[in-house]
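Order of writing sets the labels: A, B, C, D and E. Residues in every chain begin at 1.
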Amino acid sequence: ACGSPQTAGRDQIKAVGSSTVYPFAKAAAEEFSRTYPSYGSPIIESTGTGGGFKLFCGGVGVQYPDIANASRRIKPGELETCNANGVTEVVELQVGKDGIAIAESKEGQNFQLTPKQVYEALAAEPYGKPQTAKNWSDIDPSFPNEPILVYGPPPTSGTRDALAELILTAGCESDPATAAIKDEDKDRFEQICTEVRSDGAYVEQGENDNLIVQKLATNPKAIGVFGYSFLEENSDKLRGLSLGGFEPTYENIASGDYPGARPLYIYIKKQHLDAVPGLKEYISTWVENWGKDGLFTSKGMIASTPEVAARNADVASNMTVLTAADLQTSEPES
Amino acid sequence: MSQAADLAFEEQRRIRGERANARIAKRYAAERRFKLLAMLSVVVSAGVLVVLLIAMTSSGLAGFTRSEIDVTIDFPEMGLSIDPAALEGENAENALRTAGLPDILQFAATQQYGPEIAAEVGGSASRDLAKKIVSDPDMLGETVTVSLPVSEDLAAAARGEGPEELRAVADRLQAEGQLGRKIDWGFLARADATDPQEVGIWGALKGSLLTMAVTLVLAFPIGVLAAVYLEEYAPKNKWTDIIEVSINNLAAVPSIIFGLLGLAVFLWIFPNLRSAPIIGGMTLALMTMPVIVISGRNAIKSVPPSIRDGALAIGASPVQVVFHHVLPLALPGILTGTIIGMARALGETAPLLMIGMRAFVASPPDGFTSPSSVLPVQIFLWSDEIDRGFVERTSAAIIVLLLFLLVMNGLAIYLRNKFERRW
Amino acid sequence: MEPNTAEAETAGDAPSPKISARDVSVYYGEKKAIDNVSIDVFTRYVTAFIGPSGCGKSTFLRTLNRMNDTISSARVDGEILLDGEDIYRSKMDVVQLRARVGMVFQKPNPFPKSIYENIAYGPRIHGISSTKSELDGIVEQSLQRAGLWNEVKDRLNDSGTALSGGQQQRLCIARAIAVDPEVILMDEPCSALDPIATARIEELIDELRGRYAIVIVTHSMQQAARVSQRTAFFHMGNLVEYGKTSDIFTNPREERTKDYITGRYG
Amino acid sequence: MSPAILVLLALGLGLAGWIAARSRAYALSAKEGKRLHSLPSYHAWYVGLWAFVPAVIVALIWSAVSPQLVLAAMLSDPAAASLPAFGMTRNSILGEALGVASGSMQAVFDQRAAALVEPARAAMTKYTIIGVVLTLVVGFIGGAWSFLKLRPDFTARTRVERMVMALLLIASLVAIFTTFGILASLIFETARFFGMINPIDFLFGTHWSPDPMRDPAFANGEDYGALPLFWGTIYIGAIIAMLVAIPLGMGSAIYLTQYASPTLRKWMKPILEILAGVPTVVYGYFAALTVAPFIRDVAQGIGISSASSESALAAGLVMGVMIIPFVSSMADDSIAAVPAAMRDGSLAMGATQSETIRRVLVPAALPGIVAGVMLAVSRAIGETMIVVMAAGASANLSANPLESMTTVTYQIVAMLTGEGSFDHPATLSAFALGMVLFAVTLALNFIALRVVKRYREAYE
Amino acid sequence: MEPNTAEAETAGDAPSPKISARDVSVYYGEKKAIDNVSIDVFTRYVTAFIGPSGCGKSTFLRTLNRMNDTISSARVDGEILLDGEDIYRSKMDVVQLRARVGMVFQKPNPFPKSIYENIAYGPRIHGISSTKSELDGIVEQSLQRAGLWNEVKDRLNDSGTALSGGQQQRLCIARAIAVDPEVILMDEPCSALDPIATARIEELIDELRGRYAIVIVTHSMQQAARVSQRTAFFHMGNLVEYGKTSDIFTNPREERTKDYITGRYG
C-alpha cells in the first residue's frame, strides 16, 4: 500500500480473523460500544484465521488491523512474518475454548469414532498409501455400508487447521511406521498426515458453517465437521459424535477430554495500543466477559479454566509481548 | 393462350387446393400448440417471480416482529436513584445502566417469573427499558408494565425450536399472554448486532443510501455528459471507437471484476477507507456509468433529428441545440436508465465483498468515510448466521430491499410509459 | 391492349365478378378511411386503384385479402364477396383466403432465405406438393411465369435478398403465384424500382392477367393508363369514379377525377 | 473543513464574476446600441468560469498542501519534542490535536496531544488565512483578466462552448480510464501469479485445491488446475441456465410480441423485467433455502440418494430465471427489428401466425437472438452471489447436475475474502481467474455487439 | 404573378444577386452529389428547384445555409456568396449565417414547446429583443406574417405540436421569420400536407416574397409553376436548366427538362 502520509489516526478498532471467534468478537464489540459510547464501534471482519494473520502481520499503521482473532495459536512462521514487517510487539490472549465437533443429523447412523478412524476416512493418502475407502464399512466392518460423505471446512479456515492438527495428525501418528517419517522427512509427514482427500467424499463448505448444519439436518447419511458452538446452537437437530469415547459436551471440552478441543485467541498489536483510541478498553471488555458466566459462554464459547483465565488476565493488564521462544516452549495448556 | 392449357391449369389449381384443404386442421392444431407453449413460458416466468415474492414475504413478515415479555416494575419501590438532569444528555442510557437499572429489571423479572425465566430477559431488555425511560422519564415515579425483548433462546423456544423444557416454559407464558410477538419498529432503526432479537436494518440501509449517493453523484453527470459527447459531437475516428467499445464492454464486465478494481486501485490509493461507502460508491459508479451512458445515448438518439435541424436552422449553436432541446427531451429516457442502473447498483453484493463492506458494524455509519455495510451484503451476512432467528430477519431485510427495488423499477417503468413518445 | 374478354364484357356478355365489394367502409379506430365503396373486380382484367396519397387505396386493397386483420384498430363494414362468398363471414378461413388472394407489396420483401426457399415456402406450408420433384416443378414453373427463371436458374440457392430490386419484386410475384392464387393484389409494386425494372414488371403484369384477376394500386397515372383495363379513382376514402381505363383518362365523368388527372392536386 | 471553505470562496468569486460580467454585457449592448456577438449570459459564464476554475484549483492544491505545512509547524513547536518516535502513535496524537483544534473532536484521548492543540490551532489559522488570500487573489486575477476582454464583438459564446466541449470529452474518457484501471488491477497480479504457477498448469490442469496456508514456496502447479472451475462455470451459466432461459425467454418474447394484446403486453413486460431487477443475493438466498432443498428432496424422492443440497442444478435453474428477461428482451428487439414486410409477406401467402414466426420471423431474427444469448451467457458466467450461496465450493469435473460444483466467481470471492494478503499464489489466483473471466466476457460481448450491429444494418 | 422587380430584371436593370453560387460541387464521401453548379438567387423572387428524386435538390439547398455541416461526410467545393461574402470561408460564423438564411423543412418540425416559445426561441438566443414586451411584439408580428396569428392568438401557451400539419408548417415559417432572415429556404414544405394546407402555404409564400429571397424545393411541377418566378431543373447532380418559370414550363431549352416536365420520368 502507498498513499499520502497519514496525519489522522483511526477512531475505530479493526479486528480481522477467525470465523469461529467472529461471533464472540462481534459480541465483544457490541458490548464495548455500549459501555463506551464515545468510541466508534469496532469493525470486525471475518477472514479466517490464516487470512487474519496475513492482514494483521502486514505492518503497523492505520491501514493494518489492531487485532487478529484466531482459532489456533499463531505459528512461528507467522510471527516471523509479523516481526519482519515491523509488528514486533504482539500480545497473545487465550480468550476461551471451542471444540471441533464432528456431528450428524439426529436421524443419523450414530458412529463411535476414533481419531484414527477419522484419519483413515479423510486422508488423501492414509499412511502414505492410496485412499481406497469408499464406504464407512471399509474403515471398520462394524460401520454401516454407506458412502463416506463429510462436510468440512476449507483450507483457509482455522477449523480445518485444528482438524488437521488435533484429529488427523493424532490419528496418523498412531501408526508407528508413519510416525517414524516425522523425523526423516517432515514435509512428507505433514503431507501424509494432513492432506485431505479431494475425491468428493470430503466436501468443502466455504466459511459458511451454518450451511453445513442445514445440510446435515437434511441428509442423515452425511457427517460434518465444525465448531462446537454450531453444534450447541443446533442441538435439537444434530447429534455430536463421540471421539475416542468422549461426547462433545461443554464439560468434556472444558476438561480437555474431548480430543477436538482447541483454545481460541486474540492477538493484539501492542504498538497500536496508544494510537487507536479505545483499544485498551476493548481488550478489557474481553477480559471482563470471558468468565464462565460471561457474555461469551452464552454464545457457545467454552470458558478457560480459572487458572488460564487468570494468567491471561495478567497478560492483558501487563501487555506482555509474545516471543518466539514462548511459542516453542510453553504450549498453553488447554 | 390455348383452351387446353387453361384447363390443365384449372385442374392443377383444383388438386392443389384440395391438398391444402386436407392439411388445414393439422396446421391450426399446430398453431394452437405453439401459442399455448409461448403463453406457458410467460406464465412460468411470471410464476417464478410470484413464488419468489411469496416465499420471501411469507418467511419475512415475521422478521418485522420479535418475542417480547411483559415485565411489571414498581419503580418507586425499587428506589432507582438518578439525577433527573442525567436523563437529558447523550449519556442518559448509560447513566441509567450505571445507576443499576439492569439489576432492578432482573429483580422485577425474578419476582414475577422466577430466576430461570428472568435469565432469559436478555441484556438487550435493560437497554430497551433505558430507552423507554429516557423517552418518558415520568415512568420512574410509577408502577409500569413494559414489554421487553427476551433472549434469542426463549424466542426460539416460542417458535417451537430448541430444548424441550424451555419450549414448555415458552408455551406456558404464551398461553398466559405474557410472552408474545410484537411488531418491532426498532428493526428499521437499529444496526447490525449479534442477537437476532436485537438486529436492525438501518445501519446497512444507511450505508446503502450513502453508497448510492456517491454512485449517483459520480455516475450521473459523467454518464450523461459522456452520452452527449458520443451521440452528438464525437468525431468519427479511432478514439471515438475506442471510447465506444470500452463503454459497451464495461457494461458487460461482471460486477465482481469491478470489485477487484476497487480492491486493487481504490484501496491501494486510500488504504484506510476500507469498508467505507465512498469507496463502495466509487466502485459502483464505475459499474453504473456505462449503463447510464448507453441508455442516455439511446434516449438522445430517439430525439428526432428534425428537432435538431429546426434549432440549427434558426442559428442555434450545437451546444445550445443539445442543452436547450435535445437533453430536455431525452431526460425521461436518461432518468429511466439511471434509475435502472442505480437499482442494479443497490442490489449489488459481490464487488462490495471485495472491498471490505462485509464487516460487522454495530452502529450506523456517520458519513461517507466511516466503515459500513450495505443492504444486500447485510442480507448475505445474515444468511450465514447460525442463530436461526436470523432466517426470518434475513427475509425481512430482503423484503425491505425488494421494496426499494420495486419502487425504483416501478418509477422507471412509469417514467418510460409516461414519456414514451413517437415523433 | 384491351383484351378480348374485356371487349366481350362491353359487348354485353358480362362475366360474374371475381370479387365484389358491397358498401364497404373501413375504420381505423374512430377514423373512417374508406366510405361506402362498392366495386366489382374481374378475372383477366387488371384493375388499377389511383388517387392522391392517403385516399385509402392501400386500405381498401388490404380489405380484399383481410390483411388488415393484422392492424388491431382496423374494422370493416359491408361485405366483400369472393366468388360469391363473403370473406368477412365468421367461418371464413383466412389462411385459405390468402392462398387464393395473393399479395405483392410496395417494397419487394423476399424472405431472407434462398431463392428456392422463397418460392417453396408457400407450397410447403400449404402442403401443396407431396414430393421434392413436384416442389421443384412448382418452383420452376412459378419462376418461369414471373419471367425470372432464366436469370436465376443457376443460383437457386443464393439468398433472395441478393437480387436486384426489380428481380426481388418478380421473385415476390413468383412466390405469390406458387400457391395458385385466383387474385393477385399489388400495392404500388413499382414505386421502389427504377424505370427499367418498372417496365419489366408492367410487362409481366400484362402477361399474368390471362390467368388471374389483378388489382394494382399505383400513384402514377401513366402507369395506370399503361397496364390496366379498369381504373378506380379514390379520393378521401370515396370511390369517385370507376370504369374503363380509357374512359377515365380521356373522358372522366367527375370534376374531381378530371382535376386529379390534369394535375391540379397531388 | 478548510477545503470546503476555500471551494465555497471560489464559488463566490465565480458568482461575483458572473454577475459583474452580465451587467457589463448589458451595459455594453445598451451603450453601443447594437447586438452583442454573444448573449450577456455567455459573457457572464465566461468570466464566472475564469474566476472560479483557477481559484478552485488553487483551493484544492492548497487543501492538499496546507496540512503538511500545519504539521511541520506543529512539529517545530517545542511541545512536539516529547512526542513518541513511533510513527503511528505520533500521527495519532497529532491527529487528535488537529481534531480538537479544528473542532471536530471535543477533547483529546491522549494527554500528550493537549499541549499541541494551541500550536495546531495557531498554525491552522495562519495557513487558512494564507489559503483564503491566495484563492481570492488567483480568482480575482482570472476574473479581472477575462472581464477586461469583454467587448460587444467578443466571442464569449464560442469560448464558453469550447470549455463545455472539453468537459464532455473528459467525461467520456472516464470509460477508457476505467478499462485501463481494470486491466491494470488484473494484469500485475496475474503476472505475479503466473510467475509462481505455470499458466499451462492453471489453464489445463484438472485438479483445483490451492491451500493458502501452505508456504507459498511449495505452491504446486498441480493444485492450481482451473479446468474444474471453468467447467462448473460453463455448466451452470452456459448450459443449465440457458436451458431454462432460452426457451422461457424466447417463448415469452414471442407471446408478448406476437400474440398478447397490447394491454397484456404493457403489464407483462415490466413484470418480467422485474426478474432481472431482483438482486442476485436474493436469488442466492432463494436458491439456497428454497430451490436447492426442493431439488434434493425430489431427487431423493426418485431414488437418487447422492443428491447434494448444494447443486449445480439449483444454482443454474435460478440463474436461468434471472437471465430470462435478458433473453426475452433481446429476442423481443430482434423480432421487432425484422421488418413488418416480412411478416406481411408470409401472412399474405396464407401462413398461420406460428408458421410465420417459426419459419420467417425467428430465422430472420436469429443473428440478433444469438447475440442476445451470448450476452446472456456472459452475464451468467460473471454472476457471483447465486453460485456463492447455492453452488458450493467443490471443484468437481462432473456432468451430474445434482452434484455440488464451483465456479470462477465463487473462487474469486473465496480466495479474496478468505485472505487479503497479496503474496500467496492462492490469493493471486483470484486475479488470474478474474482475468480469464474478463477476457471471456469481453470476447462474448464484443462478438455479440458486432453481430447485432451487422445484422441491424442489413435491414436499414 | 410575376412581380415588378422581376420584370425590371428582364428589362435589363439586373439587381445584384442575394446568393450567388459559383462552381459548387458537393460530395458525400467519395460520391459526388452536386456537380459544378452555378446559380444566382434574388431577393423578392421565389426560386424553385425541381428534378427527379435523388437529383441533389435538397443537397444543394442545404449548402446555402451550411446545414450540410451536420453531415460529417459532406464536403463542398466552389464558393457560395451571400451578399458577396463567401459563406464557406473559415471565419464565417455559421450561427449568424443561419440566422440570416432561414430554413423550413419537409416535415413540419415545431419544437415540443408552447407556440410562444417556438417563436421566441430564435430571438432569445440571438439576443434580438431585450424586453418581454419587445419579444411579445416579435412573436405577434411573426405569427401574423405567417398568417397564423388569428388561429392561435388565444392559445399561445398550447404546445406547438398540437397544431394541425398545415398550422405546424406555418408555425415553422413564423419561427424562421422571427429572427429576421434575408433568405428563406424551403425543402418540399408542402409534401407532408393535404391540398388545402398546401394551398394556404403557397399563398403565404407568395405574400412573403415581398421581403425575402425564397428558395423552394418541390417535387411537384405544378407547385413550382404556381409559386415560383424562377425555376432550376436539376438532374443527377447537374443544374440542367435555370430560368424564368414560365419559360421553363412552356419552352424548355433542354431535352431532359422537356422529358421531365412531360412526365417521361419521375
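The working rule: contacts are C-beta pairs under 8 Å (C-beta built on N, C-alpha and C of every residue); 3 or more make two chains touch, one makes a residue touch a chain.
The model shown is predicted, which means the values in this text are computed figures rather than measured ones.
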Chains in simultaneous contact with subunit B and subunit D: A, C, E
Maximum centroid distance from subunit C, chain identifier (CA atoms): A
Chain pair whose interface holds the most contacting C-beta pairs: B-D
Identity of the most central chain, Cα criterion: D
Averaged-CA centre spacing for the pair subunit C and subunit B, given as whole angstrom: 59
Length of the line joining the C-alpha centres of subunit C and subunit E, rounded to whole Å: 39
Averaged-CA centre spacing for the pair subunit E and subunit B, given as whole angstrom: 57
Mean-CA-position distance for subunit C and subunit A (Å): 85
For subunit D, residues contacting two or more additional chains: 157, 288, 352, 355, 388, 417
Numbers and ranges of subunit B residues touching at least 2 other chains: 27, 317, 358
Sites on subunit C at which at least two other chains make contact: 95-96, 99, 125-126, 179
Touch list for subunit D against partner subunit B, complex: 157, 161, 164-165, 167-169, 171-176, 178-179, 181-182, 184-186, 188-189, 247-252, 254-256, 258-260, 266, 268, 270-275, 277-286, 288-290, 321, 324, 328, 352-355, 357-358, 375, 378-379, 381-385, 388-389, 409, 412-413, 416-417, 430-431, 434, 437-438, 441-442, 444-446, 449
Interface residues, subunit D side, partner subunit A - complex: 67-68, 71, 84, 86-89, 91-96, 98-99, 109-110, 207, 209-213, 215, 218, 288, 293, 296-297, 305-306, 308-310, 388, 392-396, 403-404, 414, 417-421, 424
Contact set on subunit D toward subunit E in their complex: 29, 35-36, 38-40, 157
Of all residues in subunit B, those that touch subunit E in their complex: 235-236, 304, 306-317, 320, 324-325, 329
Subunit D contact footprint on subunit A (complex, rising order): 5-10, 16, 47-48, 50-51, 54-55, 58, 60-62, 77, 147, 154-157, 161, 187, 198, 200, 203-207, 211, 214-215, 218-219, 221, 271-272, 274-278
